[in-house]
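Handing you a structure now.
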Amino acid sequence: ADKFITVASTTSAENSGLFREILPQFKQKTGIAVRVVAQGTGQALDTGRRCDADVVFVHDPASEEKFVAEGHGVKRHGVMYNDFVLVGPKSDPAGVAGGKDITIALKKIANTKTPFASRGDNSGTHKAERRLWQAAGIDLEKAKGPWYREMGSGMGATLNTAAQMNAYLLTDRGTWLSFKNPVELAILVEGDTRLFNPYSVILVNPTKCPNVKKDLGQAFIDWLVSPEGQKAIGAYQIGGKQLFFPNTNANS
Amino acid sequence: MNTLGLAFQQAIDMISRGDPELVEIVLLSLRVSLTATLIASGIALPIGAATGVAKFPGRQVLIVIFNALMGLPPVVIGLLVYLLLSRAGPLGDYGLLFTPTAMIIAQTILIVPIVAALSRQVIEDAWSEYSEQLRSLGAGLTQSALTLLWDTRFSLVTVVLAGFGRAAAEVGAVMIVGGNIAGVTRVMTTAIALETSKGDLPLALGLGIVLISLVLLLNAVAYGVKRIAQRRYG
Amino acid sequence: MGYPGTLLPLQLDGVTFTAGGRTILEGITARIEAGPRTVILGPNGAGKSVLMRVCHGLLAPTAGTVKWNVPDRPGRRRQAMVFQRPVMLRRSAWDNITYALKLAGVARKDRDRRAQAALEQVGLSRLAQSQARVLSVGEQQRLALARAWAMRPEVLFLDEPTAGLDPTATGEVHRIIQAIHDAGTKIVMTTHNLGLAKYCADEILFLNEGRLLEQTPAERFFTQPASAKAHAFLCGELLWH
Amino acid sequence: MNTLGLAFQQAIDMISRGDPELVEIVLLSLRVSLTATLIASGIALPIGAATGVAKFPGRQVLIVIFNALMGLPPVVIGLLVYLLLSRAGPLGDYGLLFTPTAMIIAQTILIVPIVAALSRQVIEDAWSEYSEQLRSLGAGLTQSALTLLWDTRFSLVTVVLAGFGRAAAEVGAVMIVGGNIAGVTRVMTTAIALETSKGDLPLALGLGIVLISLVLLLNAVAYGVKRIAQRRYG
Amino acid sequence: MGYPGTLLPLQLDGVTFTAGGRTILEGITARIEAGPRTVILGPNGAGKSVLMRVCHGLLAPTAGTVKWNVPDRPGRRRQAMVFQRPVMLRRSAWDNITYALKLAGVARKDRDRRAQAALEQVGLSRLAQSQARVLSVGEQQRLALARAWAMRPEVLFLDEPTAGLDPTATGEVHRIIQAIHDAGTKIVMTTHNLGLAKYCADEILFLNEGRLLEQTPAERFFTQPASAKAHAFLCGELLWH
């Protein structure tokens, strides 16, 4: 039968169309088909933990480290990064547009109690968002009110919802660029180094999961971090804009 | 302990603790699904009775359409209601999107075809027995339809329960039009979906167990009431 | 009791009815006048019940016409029929009657009075509150008659009204039919009970295999039927084999 | 043009283009849902007939349970099947997770209660008429159940169509156990969910229109066949 | 034709049956022997049909016992019953018979032979391929008799077998019942047709309001019934009002 591996991936990598672009190149080179199961980072790691994927492709450094430390994964490989952006209504009721400091923007939003849509699903994006609130010195537990809406859904759904609620939200640039229902939303804050969003791949540990196709999985990882794979990632654009940036150097 | 065991433990925990957040979610779920079932039955039972009894041109087409609409995905209904209620949509001014009302609307649309198609079958079966007698008694189509709704009421309970089950179980529509906002539009099924996407399968399953226990309880009550009434009124 | 003569006569012209690939009625032409009690006779499967349904407007003829003197569209309200296998609604005997009266547009206070009188007529007062569907076959037959009678129709179709009735009930039903007739209601009836037919009939329609073989005054029919088939029928000699 | 208009245009486009990717997704959807309906009917109709006909202890409990299971959320079923088929689960060795087989299993479990509960009602209604006659003829319970399944077959068509509709429309279960892998386990409903999350509402709706057209076609065929058979065999 | 005498006698002891809050049968004690044709008489609602169902094992008595000489558990295969309102399965007349025979475990080749003979007996050969449910009432009645007769039961319950039958059919059914009896099958029958009762009965059970008022040899019953009620019944004078 055909050679294939199963990759449990964060939704942003799949929804942005990246895989659709680069996987055929990988298949042509190696003959290995990659089956991508798009899930939230939390669920993707859980899938790996249950040995149901050969490789996980996620973006939450803290839980990734835990995943490897507990022996579920072999090793983290940084693959690429993009960044988070603060998106909000074009009318910008909190007056944050053009700022470079995300914490200032968040403070303004909290102080004016302008609607903010949080993923609220423990995803990589959600965790990053909470780190940023913390960095802004805002205790969410206290500041929370009807303005802070925990959507409990994926990035796309949250964008759909925020667009209707005139709410601010944090999203990754890849999903934003590929999102087709922007309505009244626009990027208001970007470029802060704290908005850095690194993606990693991890081979699921074959000693814990004997069914893992370790050679094929490793081949995929190797290709992603190889110059060829990195070039493919960097070449992916939507509307002339690059979504992801190669990141081999950031390997830890 | 395995996931299933954990799930049961979580379910028992949540129930015995009476977790106020859970209680809120449960009550909203019940409110949304029961209201939708009520409204949908009010709309669909007459439709079912009419298509079961009357022979009008286009009746067969209507029957096929309702049968087919039982296969309309909740997500699609969600999207349609979303477009309808969105600020850019025709009913945008009412500000109903992301409210329980929006969820009730979506679930109502979801189950109307189910209740209509199934009740049509029940009523049509009864009609083959009653038809000549009722027509001879001078009953018009409306009166015949009403008579049959009454005479088959015990069978229709199962039909309505099927509609309720569908409403209680669906997530696609309420997720889109409700937005799964914590404390506002989060219901059992969207909470389950959320925990699943977080990878917290035991909690997701635990919520599932709570939900199905609830539905079970409601069904037991409905069945009990039906049995008693059936014994009394034959 | 109604307005005798307005609905009738009923004129059937070349009435043919086919179903399931079979011709069940074939070219029936007859005129049913106000007044005389009409009894339809014929062997099993002759088409008597189908003919009654056609007259009553429940079945549309495949060919030919059924014409009442006055078109009786609004819900057949001036006719009533007791089916050979009456269907009882899922309610009490009492409610079966009052519900039918309600459908016929009878005022509430009249309903109760009529229901009571009708149940008494057929000897079912004791069972008024019983579920109609658990009554014995004979009791249901009587309830169906009560229900039809309570409607005070101008034309009353009776399909085997005494089948399944005990001897007393049969006698009473003879009497009731007589009373209904005397009150001016047109009776159209089928029966296999030749005794009843002789007792009640003013004229006989004799059906065989979907054809109307004769329409004869009763007296003559029982003494000298026109058709050989009718003769054989009366002697119980219509052969199957 | 508004979203709905775009959606219709997309749908017509996709169909007229005969987009090979769409064709593949459509065929997989049909394969999964029809297979699940077939298997589920094979399991559930006998259960429905048995609970409709037999008076065994616990029958009423069973009826309530099946009625309630109509309200079991697809996501929960998805999770249960996921745990079962996961490498860490009892059937992990078969490697069925993220395959069409897993999706068929999940959908089968989803619709068995629906077909069982609804067919039970149809058969119970018929049984009240047939019971004494069949028992007098010496039919055992099994034979009675089979006889009633046959005698009510035209009504059961609607029940099976309800099951098929549920299978064709659900997304929660197939998403979890299938994984929505492009070219492998992507079906209409998961594709719709994906496009929705990408914010491409016109495409999502367009796919929805394609799906419902398909279901409509299937229903029309089923109804036509039923009518012809009914006319012939009464 | 079976093994006469093995199932019978049937012994009823204090059989009581209540339903819907009413006592329908009350303390019925009777012994039904092999041989004589037993006819159950009584007014509508007396409980005749319920009593037959209890004997046939379709209803369990609320109190008292029903005891066959040989327990007849395996599917009532050695008894058959023609209901007052027979239920036809949704198939052809022919299939209604062969299907019943299949249920009774009759070999395939015998089924066809028996079905043909039975349909001929009741004069329905012509309608063998018709859907049973569209047959006329009388035809269904006859089909039900054919179906029961084809089973070759040891005991045959007939609930109003001639209601709805035309005079020829009634005569034929008399003859068929006679033939079945002669072949050794025990006949237990209800009828409101006193002529048929006189012709067929060897002994009479007279029921009234759920009570067994007498069990008498037929000859004596018709000339000097023991109970006043039976006397009134025979004269068609049981009053309702």
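We call the chains A, B, C, D and E, going by the order they appear; numbering starts again at 1 in every chain.
Simple rule for what comes next: contacts are C-beta pairs under 8 Å (C-beta built on N, C-alpha and C of every residue); 3 or more make two chains touch, one makes a residue touch a chain.
In UniProt terms, the chains line up like this: B, D = Binding-protein-dependent transport systems inner membrane component; C, E = ABC transporter related protein.
None of these values were measured; they are calculated from a predicted model.
Any chain touching chain A that also touches chain B appears here: D. Ranked by the number of C-beta pairs in contact, the top chain pair here is B-D. Per-chain CA centroids place chain A at a distance of 81 Å from chain E.
Centre-to-centre separation between chain B and chain D, using Cα means, comes to 17 Å.
Chain D and chain E have CA centres that are 47 Å apart.
If you average the Cα atoms of chain A and of chain D, the two centres end up 35 Å apart.
Those residues of chain C in touch with two or more other chains are numbered 20, 131, 134.
Of all residues in chain B, those touching 2 or more other chains are 82, 176, 193, 196, 201, 234, listed in ascending order. Residues of chain A in contact with at least two other chains: 154, 157, 160. Working note: touching chain pairs come out as A-B, A-D, B-C, B-D, C-E, D-E. Residues of chain B touching chain A in their complex: 82, 86-88, 97-98, 175-176, 179-184, 186, 190-191, 193-194, 196-201. The part of chain C that touches chain B in the complex is made up of residues 53, 56, 58, 75-77, 79-81, 83, 86-87, 89-91, 99-100, 103-104, 131, 133-134, 147, 151.
Taken in their complex, chain A has these residues touching chain D: 6, 11, 15, 20, 35-38, 50-52, 154-157, 159-160, 178-182, 209, 211. Across the complex, chain E meets chain C through its residues 19-20, 22, 42-45, 49, 84-85, 120, 122-123, 127, 130-131, 134-139, 141-142, 160, 163-172, 192, 194, 233-234, 236-241. Residues of chain B that touch chain C in their complex: 129-130, 132-140, 143, 147, 150-151, 233-234.
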